[in-house]
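Given below, in the form of structure tokens, are the structures.
What follows is subunit A paired twice: with subunit B in the first complex and subunit C in the second.
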Partner chain A sequence: MTQKTGPIAVEIRHVVKQFGSFTAIRDAHLSIYDNEFFTLLGPSGCGKTTLLRLIAGFEATTEGEILLFGKDLRNLPPNRRPVNTVFQNYALFPHMTVAENIGFGIRMKGVPEAKRLDTVDRMLKLVRLTEHAHKRPAQLSGGQQQRAALVRAIAPSPKVLLLDEPLSALDLKLRQAMRVELKQLQQETGITFIFVTHDQEEALAMSDRIAVMSDGVIQQVGSAREIYEHPRNRIVANFIGETNLLEAVVRFRSDNSSLLDIEEGFQVECRDRVSAKVGERGQVLIRPEKIGISAANVGRDGLECKLVRSIYLGTDTQFELKTRKGLTLIARHQNSSEAGEGVPIGSTVLATFAPDAIRWLSDNE
Partner chain B sequence: MNRFRRSHGPGVGAFDPLKYWLILPAWLVIGFFLLAPVCLMFVFSFLTKEFRGGVIWEFSLAAYDQFLFDRGLFGDEPPRIQWTYITVFVRSITQAAMATLLCLLIGFPTAFYIATRPPQLRAAWLFLVTVPYWVNLLIRTVSMKFLLRDTGPLNEFLLAFGVIGEPLSIINTSLAVQLGLFYSYLPFMVLPIYATVERYDFTLSEAATDLYADKWTVLRRIMLPVVGPGIVAGSILVFVPSLGAFLAPNLLGGAKNFMIGSLIDEQFNGNAGNWPFGSATSMILLSLVLMALFVYARQVARQERN
Partner chain C sequence: MAKVAYVKNYPGFLTLTLVCLTVLYAPLIIVTIYSFNSSPSIIIWEGLSLRWYKDVFFGIESAKFKAAAWNSLSIAVMASVTSTTIATAAAIGMVRGKAFRGRNASFVLISMPIMVPEIVTAVATLIFFSAIGFVLGYTSILVAHIVFCVPFAYLPIAARLRGIEPVYEDAASDLYASRFQLFRYVLFPMLLPGILAGLLLAFIVSLDDFIITNFVKGAGVETLPTAIFGAVKQGIKPNIMALSTILLFVSICFVTLSYLLGRTGSQAKHK
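And then the complex of A and B:
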């Protein structure tokens, strides 16, 4: 796991934000490292945008503090914080040209004109907008506006760039292209990016680390892989990717291998550290792509299921399985693999589980 | 571009009689209530006056001559420039400009405040702004006179709180006229500005603040240019009727604060009874306003192009 360390760019300590009686953020702690592509991921209303606005200074914290490279940002208005924001709707100034928009920040900082024009040129080139420099934002396409908004925020060389769902207004193709571009831009400029999104795919594709938020609480912080493979609780597990969440009873327990009943009489091996005692219940997670499907007569050790439904999804096919006792399992396989291919609906199959498929949720409530 | 043009209507060039019938009421209204009176004024301004009102159908330039030149009491002296009416015009423009400025200073914050309230409250505030307009303009102007007079509530209030030692004589000054015009036309400033501020995207202000602009710069460089059209519309709506107003100058201004409106009113309703001169003055006023609007429109068009 490649985890960046080094100087901490943004540190969030005990931050609470209330709007009247509504608590948007409850006691958040977070350290975002310098030069990191950090993503705040969560469903709408989870507090991720509020957290971003607290860092930008548009909102004041109710409690706690936010440090930028060790310096307390409290009492510093947004126009004196060395952070810039890319807004969801871009917020380009409609009465200014693209070049004027991009130059606005450095102009306000008092950069002399010659140097300013130089920077604006460089920025225009960076996102291939040079020939549109003298157009008004309304004359640009959505993707071009997006890129203009991006370099407008980068031009003053902020220490941290805040991005509030900047890709959500673009169509799928453009969004995918912009992901690559954003990541590249972050690596080239070396600016710390804090990226807010509700799109897990976006988060997984770009981020060095992700904080999953829900109901104003930071549920888990980790790399894309950590969050996907080892979600701490069911909220994270449910939000990231598809999941089978199952109740399991501990039958045997040791540090690196335990046996769990996921259905009466069917035991699977789990290699995570299991926090419950023998005989107790807990939740496990199985990703759909880790459930194997084989014909019932192969004689392998598997759970006997009925194939209820299969859905063709282009690259993948999704299979819905039902066990004898009514438990539903979702499996998913690439169409290039042979698993499940040609199995008729309603037939009996064996669902098989690799030992690393079973994940014990460490936050079993 | 082509597609746009085509979407203008089915069958460009095809004759559709219904289209002309439907537009007829609009043309009738414009023709009858707008063009006809102006044409009538235009014609009257070139006719000879009948004493105590009315016209004689005989071509004459006397009305325009009277506006510009002074030829003595009996009209036999060599012509000198007549400053009286030009002074009235200059005064009217100044008064209207001051009234517009007052409306802008009070109207902009008011409109801003209303537009930033929650939607349910906005309707209530707008209602309050328009309530005085249910009362006749004459009544409102007279009530202004009562408010401002030496023994009126304003003076009594200021005296009671010791702000002033003796009553301010506001009535019969140019300030009184400005206040009267301000009160008459304030909603015409508030409503168009409200409409633009309500549509203003406040994330633009946030974006500017985020890019190191202070509050004053955000207002000057972002907000004002974006809501500018509303301010211009409001200013025109206040300035133009103020320029031709006669109730406020007549009732609040006294003899010294005569404005164009009063001058024209005199020619038709008052003692002067000179219809051609009243018409000529109206035509001059109209041409000045149209010229100003034309110059403004051209400037806007030029800015748009750049």
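And then the complex of A and C:
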């Protein structure tokens, strides 16, 4: 995924949002570029939806400012912001037909009827709803409602489209199909998408960049790869994908290669820049798919473990390993590879780590 | 498993129900039946006839009844429309507005006429009118009706509004609707079943009101209920039964309609 630069579509500067004594967002700082598919990712209650509502104008910021293409949005009500929202439960107007719903925004903007019908037709075609134009939303399936809500928000050609967990009400199959469709739509229209989700897979699949949020704080901003492979702290590492988080003691340190003790007497090489001094503790992350498993008698350099459990997951198998000191490691391998295959439960194996498997968490607290 | 204690399983429930229903509806049924009596007596049945209905419309007292009916209807229409408008605004303010100090107090104030004995409202209204030197007559009845109809219109409208998720209003303003457009194109149509139910309820409450009207009406101005009361004081004649039956029928129609509207309204709570 290419890193996009260029004009900044939305800039969030030191935004704080409080509801009474509860702080939903603490000092958020964020630049979202034009044409970007940007995702706010985090568990429920992390403030991602609040941030979206602040951009849409449904809530006012307690502190800080939000700029849209350099223009301060303060005191602009939602109906005067060139920003549209796709709501979680779609919020299609039940008393209007699909076509009326889609045409609502441009009608309110005062677009003349002929041009309006034209746009509505185009939108209906875009999401294959032409034959449902005169139905009420309640007569549509979930996926169709979703698509209607999507083009209703796109029809007025907003500068930024906000999507509040729009896929969460769909079943898995439909959700995966909609992911592709959303991404395509974003590329075709060139509209900046700000997408809110708690589903990391969704975020990784679609986004140009992701901001991981937790407890009202933006923990890390970066591309899917950056966030997955170089999480800045434990919160991000835990939220994105499965992880093994281990304590490590620095034994030797240089700029591009360091030696860490992850268990007494077992050292691994780490190629990240290590922020702790020799003798100090820190945390490292090892993704399950980066832990190799080989038979104990192969004579390779590895950590001796006991295979506690293996779980067959279709494409993958997950292995639970326990070291002699009682540390648990989760490894995961594709079933097409031969790693770990046929190893009986309870037997001793060697866990091996490639140097790039060991990731140092720079932000330790 | 223990049997669920439905109230209908209690001993004596059936008897009690029958007694209550009889006490409530027997008089109405008797009045309705005797309104079709061909005899001038109100207790002796002589045969089926529409004589007293004819008498209501064309008899000696028909002019009086027609004037009263006109007053009743015109007041009911104006009072219900005005009070429903006020109630709609109040409901939006109370349900959608931010919490403010005295919100509960405001609710109590709005629903006061339902909770306070009507005679108290009647006396208070009369005292108020005379204190400010308001001339009693048609207008005073209208003003009083507008006021006491508000809570009846308010309740179904507020109930309906609570059932509408605020996200529709968010969506409308997100799609460039001004506050007026939001109300006109989104909130009002969605609220309509509640507004109609409130309107009908207010209409019927105004049409049927006797106590307050009797206090605040000026001399010579009559509505149907006060005209009937006046006629009854001079002895009950079967034409009163016919008139009452007509009024009863109109009431039943309106209440049923109001109920049906409220029901389709809540059924239409789409996703």
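Just so it is clear, the second predicted complex is superposed on the first by the 364 of 365 C-alpha atoms of A that agree within 3 Å, B and C clash if a C-alpha of one lies under 4 Å from a C-alpha of the other, contacts with A are read in each partner's own complex, and residues count from 1 in each chain.
Here is the rule we use: a residue touches a chain if its C-beta (ideal position, glycine included) is under 8 Å from a C-beta of that chain, and two chains touch if they have at least 3 such contacts.
Being a predicted model, the structure only gives us computed values, none of them experimental.
Student: Both complexes share subunit A, so when I overlay them there, do subunit B and subunit C fit or clash?
Tutor: The answer is clash.
Student: Would you sort A:Asn79 into first (subunit B), second (subunit C), both or neither based on which partner it touches?
Tutor: After superposition on chain A, A:Asn79 lies in contact with both partners, subunit B and subunit C.
Student: Of the two partner chains, subunit B (first) and subunit C (second), which one does A:Ser141 touch, if any: first, second, both, or neither?
Tutor: neither
Student: Thinking of the overlay built on chain A, is A:Ala91 touched by subunit B (first), by subunit C (second), by both, or by neither?
Tutor: Touch status of A:Ala91: both partners.
Student: Under the stated touch criterion, which partner chain does A:Phe104 make contact with: subunit B (first), subunit C (second), both, or neither?
Tutor: Both subunit B and subunit C are touched by A:Phe104.
Student: Just checking: does A:Thr328 make contact with subunit B only, subunit C only, both, or neither of them? Give me first, second, both or neither.
Tutor: neither
Student: Going by the contact definition given at the top, which residues of subunit A touch subunit B in one complex and subunit C in the other?
Tutor: After superposing on chain A, subunit A residues 56, 58, 77-80, 83-85, 87, 89, 91, 93-95, 104-105, 108-109, 152-153, 156 contact both subunit B and subunit C.
Student: Mind listing the subunit A positions that touch subunit C in their complex?
Tutor: On the subunit A side, the touching residues are 56, 58, 77-80, 83-85, 87, 89-91, 93-95, 104-105, 108-109, 136-138, 145, 152-153, 156.
Student: Would you pull the subunit B residues touching subunit A in the complex into a rising list?
Tutor: Interface residues on subunit B, with respect to subunit A: 201, 203-204, 206-214, 217, 222, 225-226.
Student: List the residues on subunit A that touch subunit B in their complex, please.
Tutor: Those in contact with subunit B are residues 56, 58, 77-80, 83-85, 87, 89, 91-95, 104-105, 108-109, 152-153, 156.
Student: Can you name the residues of subunit C that touch subunit A in the complex?
Tutor: Per the touch definition, subunit C meets subunit A at residues 165, 167-168, 170-178, 181-182, 185-186, 189-190, 268, 270-271.
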